[in-house]
Amino acid sequence: MADSHATTLEPEAHNPALLHHFADAQQQKNAASLGMWLFLVTEIMFFGGMFCAYLVYRLAHFNAFAAASQQLSIKLGAFNTAVLLVSSLTVVLAVKAAEAGNRKQLVTYLVITVLLGLTFLVVKGFEYAEKFERHHVPGPTFSFTDTFDDGSQKIPVNPNEAQLYFSLYFAMTGMHALHMIIGCGLFTVLAVFAWKGHYSPGYFTPIENAGLYWHLVDIIWIYLFPLLYLISRHR
Amino acid sequence: MSEEMTNHGQSGHGTGFEREDLSSRGVFVFMIGLAITGLVIYFIIVGMYSFLDKYERSQMTTASPLVATSGAASRVVTKDYIEKQFKDNGAPMLEDNERGQFSDFLMRQEKHLNSYGWVDENAGVAYIPIERAMELTVQRGLPVLPQGGATDAAGAASKAPATKAPVKR
Amino acid sequence: MASAAIPANQTPKTNYLTNGYGLKSWLLTTDHKRIAVLYLISVTVFFFLGGFFAMLIRLELLTPQGDLMQADSYNKVFTMHGMIMVFFFLIPVVPAVLGNFLVPIMIGAKDLAFPRINLLSWYLYIIAGTLFLHCMLIGGVDTGWTFYTPYSTVGSNTNVVEAGLAVFIAGFSSIFTGLNFIVTIHRMRAPGLTWDRLPLFIWANYATSIIMVLGTPVVAITIVLVAVERLFHLGIFDPKLGGDPLLFQHLFWFYSHPAVYIMILPSMGVVSELITCFSRKRIFGYKFIALSSVAIAVLGFLVWAHHMFVAGISLYAAMIFSFLTFFIGVPSAIKVFNWTATLYRGSISYATPMLYAFGFIGLFTIGGLTGLFLATLGIDVHVTDTYFVVAHFHYVMVGGVLMGYLGGMHFWWPKISGRMYPEGWAKLSALLVFVGFNLTFFPQFILGYVGMPRRYWQYPDEFQVLNVLSTAGSSVLAVGYLLPMIYFLWSLRYGPIAEANPWNAAGLEWQTTSPPPTFNFDETPVVTWEAYNYDEIAPKELEAPVGR
Amino acid sequence: MSEHATSSRKFYVGIGMSLLVLTSVTVFAAFVNLGPFNPVVALLIATIKATLVVLFFMHVKGASEKLTAAVLVSGFFFLAILLSLALADYLTRAWR
Amino acid sequence: MSKYLPLWPDQASTMAGQVDALYIYLLLVAGVMTGLIYIAVTVLAIKYRRKPGQDAHQIEGSTILEITWSIIPFGVMLTFFIWGAVLYFKERTPPADSTEVYVVAKQWMWKVEHMEGQREINQLHVPTGQDIKLIMTSQDVIHSFFIPAFRIKQDVLPGRYTTAWFKATKPGRYHLFCAEYCGTNHSGMGGDIVVMEPQEYAVWMAGGPSAPLPETGKQLFASLGCSTCHRFDVQGRGPNLQGVYNKPVLLEDGRTVIADENYVRESILNPTAKIVSGFKPVMPTFQGIVSDEQLNALVAYVKSLNQPPTGTAGLQQPAAAPAQPQNTQVQ
């Protein structure tokens, strides 16, 4: 977030010189990298709080969670997963291009990454809109009438517990989407800087660190997808 | 955490900063050790729990030999238990939503006073809306002796609890 | 010889204080020392604000009836006292003031690894503080500093969201400080300064930073969930939807128990520095004290539910958490015993910082041992949520952390300001703080066991005598805290000029000038000695004890 | 980190393809009745995918920086502490 | 203990003595440890104070000592843990033959319902020598049921049932507190636990001797919690009831009614029927909680408030006094 942004500004933007308080470029680079990884750990713990809530409530209200989960569209979810994975690939290729000093490729890959990120967000927007239409948004207007099929009979589920599922769904995917938006903004800025030629094979730490951030957001989605979309689908 | 004791003293001259750092192996060993300790503690406490549980239950004395149950009552109270006690032993039902429950109660009474339904289908006793019962009573007069259909109305009217009327001494 | 590196008593042309005078040179600085001074000012403001609320609490509790203010006002007052003291004073105080100033100097670096993020931390803190002040002015919060649901989501009609946002932002300030420290300590040490030569203050701040980085995000997301529940009806903790209010408590204490070690660990580091310097001794059991800091930091994450013994957790969980809580006592005990052992065959002077260190040992021991009372299941059922808990945490927080902080401020004041403080006044105020503190909080142990619950605006008559004692003590305490404020300010103009190393202490921070130049050292020092090499440094004057 | 030679483009694309394949495997496995093992399989596959991303896309494998692995694993370790000790309460609530 | 400087709480249940025993053990151990450390620090600080011509003597440390002072305190702490856990098990394991009492907490009152149907507010009458199991839930936020003299405390949660149990041993009147912060009147959410000999308890159960109506009404007004909202000194959540009787009252919907006897009755039984202007409909219904006699007593008390007040309804709980059988039950 703000951290990686500040990190990108750390070395003078037009003059990739060493900052005064570092002894050499390697030290500076290692420091930035360690800082970024620590920041990623804070992100893991940040989402970890919600994963904890998810785990506890899924165990407590399994039927409602399964029934509510089956109202999500696997097609859209899987499509979004694929979009994110491909965007991770383009980020890696962007880093590779930066290391090779290939400015045109670097900018191209960054732009593709941003476009893929926006695709993800648009699809998510459609999913949210569908929740609003079907009154699956927690609050006074919430309604849920579907049942849980345990293989032998259909068990009616408590709509309140389904509402709990959708509360978690919105909290987790919403927080993830917020991170995606920040990531898209970050890569847009980096693409502009890259276009202006700020980065060289000797100095592309911001690209690398923003890439690490993007991969982490990707990893979180890798877990969110099966946990939110694929509860007890075999019934 | 463990340290690698290399690179002491003067060796760092001129490099500008100290290169030697914590080894990540130490971190991993520490975490694995902590995880194992955690598991051990888990089992120790499970053992202690079951021992104490047995002990407590064996210590429980019953008030009189006539009481059949022995051991401890359950520590966990669920909604089902509350409802069972309510049905079987006339225990109070805990009001977790007082205003809602009271207005439900009023609504039920209101509905009972303004609708038709069976009191006892086999015996052919029904209840009717209170207004209608009043009309019928006015039309037919008070029953002096049981006379066919009027009993229903009278029965219903006397059954209907008076909600609105002030309590008289 | 380390002492050879000490320059003669001469002030250089510029130091970090004289390097630029405008407001801009302070507000846009990336110098860790200036940022530390900015933190010092802002944290002090919040301390006196929190202290002001504490005085209101004590005045209200002078009589059994609620007479000074309305019940709602009292609830807001103790909530804001707790929130200010915890989130805006005690968590930042030692790391962000003394840590910011000393960590780079002690390891021979020019600055922290990310100077701009350091400045960002301070701005986040200021934004959070401003938000909280605004929240206070438009009516305050009344949830208690613990934000327990469902009161904070359904029950309270005060500005919970804004206060939560303030705590959230302050949390990120804390995260960035911790991140900065970890990277700095890993990557920026002077040549030769290996991990087994680091000052214990650095070890303590390293352990603290681990907690900041790993714990704070959890409370951040928890508070976000509370805010979202209030704003958009996402009912994650709502019992009406089958949610569990205890889940909030689990997530909150997963951070807030480690947070109490965020508070105490840096202060323990300070005490290690003070004890060694004023007894002229190498620390007893260096490695054990260093590793016990890390052990406390890690074990601190395993004990959080000891705040929930009667909250409705399972019997088994209560036993697990009680058992794990006792593990924390061991590294703490190691520290106390090692400090005591360091005194043995020392050459001890009674300068003010040392008096505070003695105070820390004495009061932290009582606070820590009563912590063990609370960790004992059968006792906690009776004393939880009573004044016994209030007394416990004021003993560790005020008697421990604050004593350590004040000791550190006196010890490093010459380095920070370039001036000495008046020793006589300082000794007097140390005495006032110690006496006033015990008079304020010891009666609360008795009150708690007798059964007076916490967060009470009015209480049964029979508790009055003990409450009057406590209130009387708090006014002594107030004087004890106002005095240093006054004489520190006084010394900025009238205090004697400090030498580079007024205490003849070991450690790199004493080898640069007082106050240090902007980049701390003219040339990067090379460390060839072990920590606390007091055998190689002569005491100040063998004839007269330091600090008379 | 510049010592790590970034791998060839072909290699990255290969990793990307395997991630996509694993995604479809997850979706497929969700519709097969594995009894209690459905969530286990789903999480296992997710973990494999995450590991691939961490090792190859985030360059933890072959990095000059030895500490990154320790930092990342610590993060997951403390998350595991949160989950396991919270479950120590929730799973034993019903014990009588 | 002294009435004005209590140093130790009453011991009035089987648990109290056991908790106190553990507490005394902890006090002793902590006292010894604190004493040792204080003496050591003081003696060392004086003995090795700075003297001319005497340097410090450097010592690196001692692994043997470190291990000693890790193991011994840990052993001591294990005794704390085991003893504490055994007690806690007792505290959380209700005996099988215990009598159930149902408790509902709400902001800011305790409602108690006995199996036999008696209902009380902010009071709980129990006999000595009988295991009582409390089954508790809350209607709004978290509260905590705390009886210091019995050394029991249990949080009361919404949407869930929690239990606690005790066996009272000493007749008397003890404090009941709410120990979990629950909002404005948290500190007023207390009451009395009245412990009686079994014979007295039986008399109370049957409905004991009665006092003059307004007098009984005044006691009910305090014990039912009316006085938590209807205050005479400051503005509470409900209207001040002094001088209300037989005066016109402006309602929220603009009507004006005369506060006659029926109006007061209806206000108590179905408060939402007529809302006084300027107030929220927060008054709970007392339908089914107050008996006809109690209702009459309350009405008589509200009537009597028209005379100049003889004293305000006390905010304070009365100090521990011998139990008086009180007429607060429902037939």
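We just call them A, B, C, D and E in the order they show up, numbering each chain from 1.
Just so we're on the same page, a contact is a pair of C-beta atoms (placed from the backbone, for glycine too) under 8 Å apart; a residue touches a chain by one contact, two chains touch by 3 or more.
Please read these numbers as outputs of a predicted model, since none were measured by experiment.
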item	value
Central chain (distance from its CA mean to the mean of all protein CA atoms)	C
Furthest chain, CA centroid comparison against subunit B	C
Maximum inter-chain contact count - chain pair	C-E
Inter-centroid spacing, subunit E versus subunit A (mean Cα positions, whole Å)	50
Averaged-CA centre spacing for the pair subunit E and subunit C, given as whole angstrom	35
Whole-Å gap separating subunit D and subunit E, where each centre is the average of the chain's CA atoms	51
Length of the line joining the C-alpha centres of subunit B and subunit D, rounded to whole Å	39
Residues within subunit A bordering two or more other chains	23, 27, 30, 34, 38, 41, 45, 48-49, 52, 56, 60
Multi-chain contact residues (two or more partners), subunit E	85-86, 89, 92, 158-159, 162
Sequence positions of subunit C contacting 2 or more other chains	109, 186-188, 214, 218, 240, 242, 246-247, 250, 254, 302, 315-316, 319-320, 323, 524
List of subunit D residues in touch with subunit A within their complex	1-2, 6, 9, 12-13, 15-16, 19-20, 23-24, 26-27, 30-34, 38-39, 42-43, 45-46, 49-50, 53-54, 56-58, 65, 67-68, 71-72, 74-76, 78-79, 82-83, 86-87, 90-91
Residues of subunit C touching subunit E in the complex	64-66, 70-72, 75, 142-144, 148, 150-151, 154-156, 239-240, 242, 245-246, 279-288, 309-312, 315, 318-319, 322-323, 326-327, 329-330, 333-334, 336-338, 340-341, 343-350, 358, 361-362, 365-366, 369-370, 372-373, 375-382, 384-386, 446, 449-451, 453-466, 534-535, 539, 542-543, 545-546
Complex contact set, residues of subunit C against subunit D	186, 214, 218, 246-247, 250, 254, 301-302, 304-305, 313-317, 320-321
Subunit D-touching residues of subunit B, taken from the complex the two chains share	21-24, 27-28, 31, 35, 38, 42, 49, 74-76
Subunit B partner contacts - residues on subunit C that touch it in the complex	109, 186-196, 291, 294, 298, 302, 315-316, 319-320, 323-324, 524, 526, 528
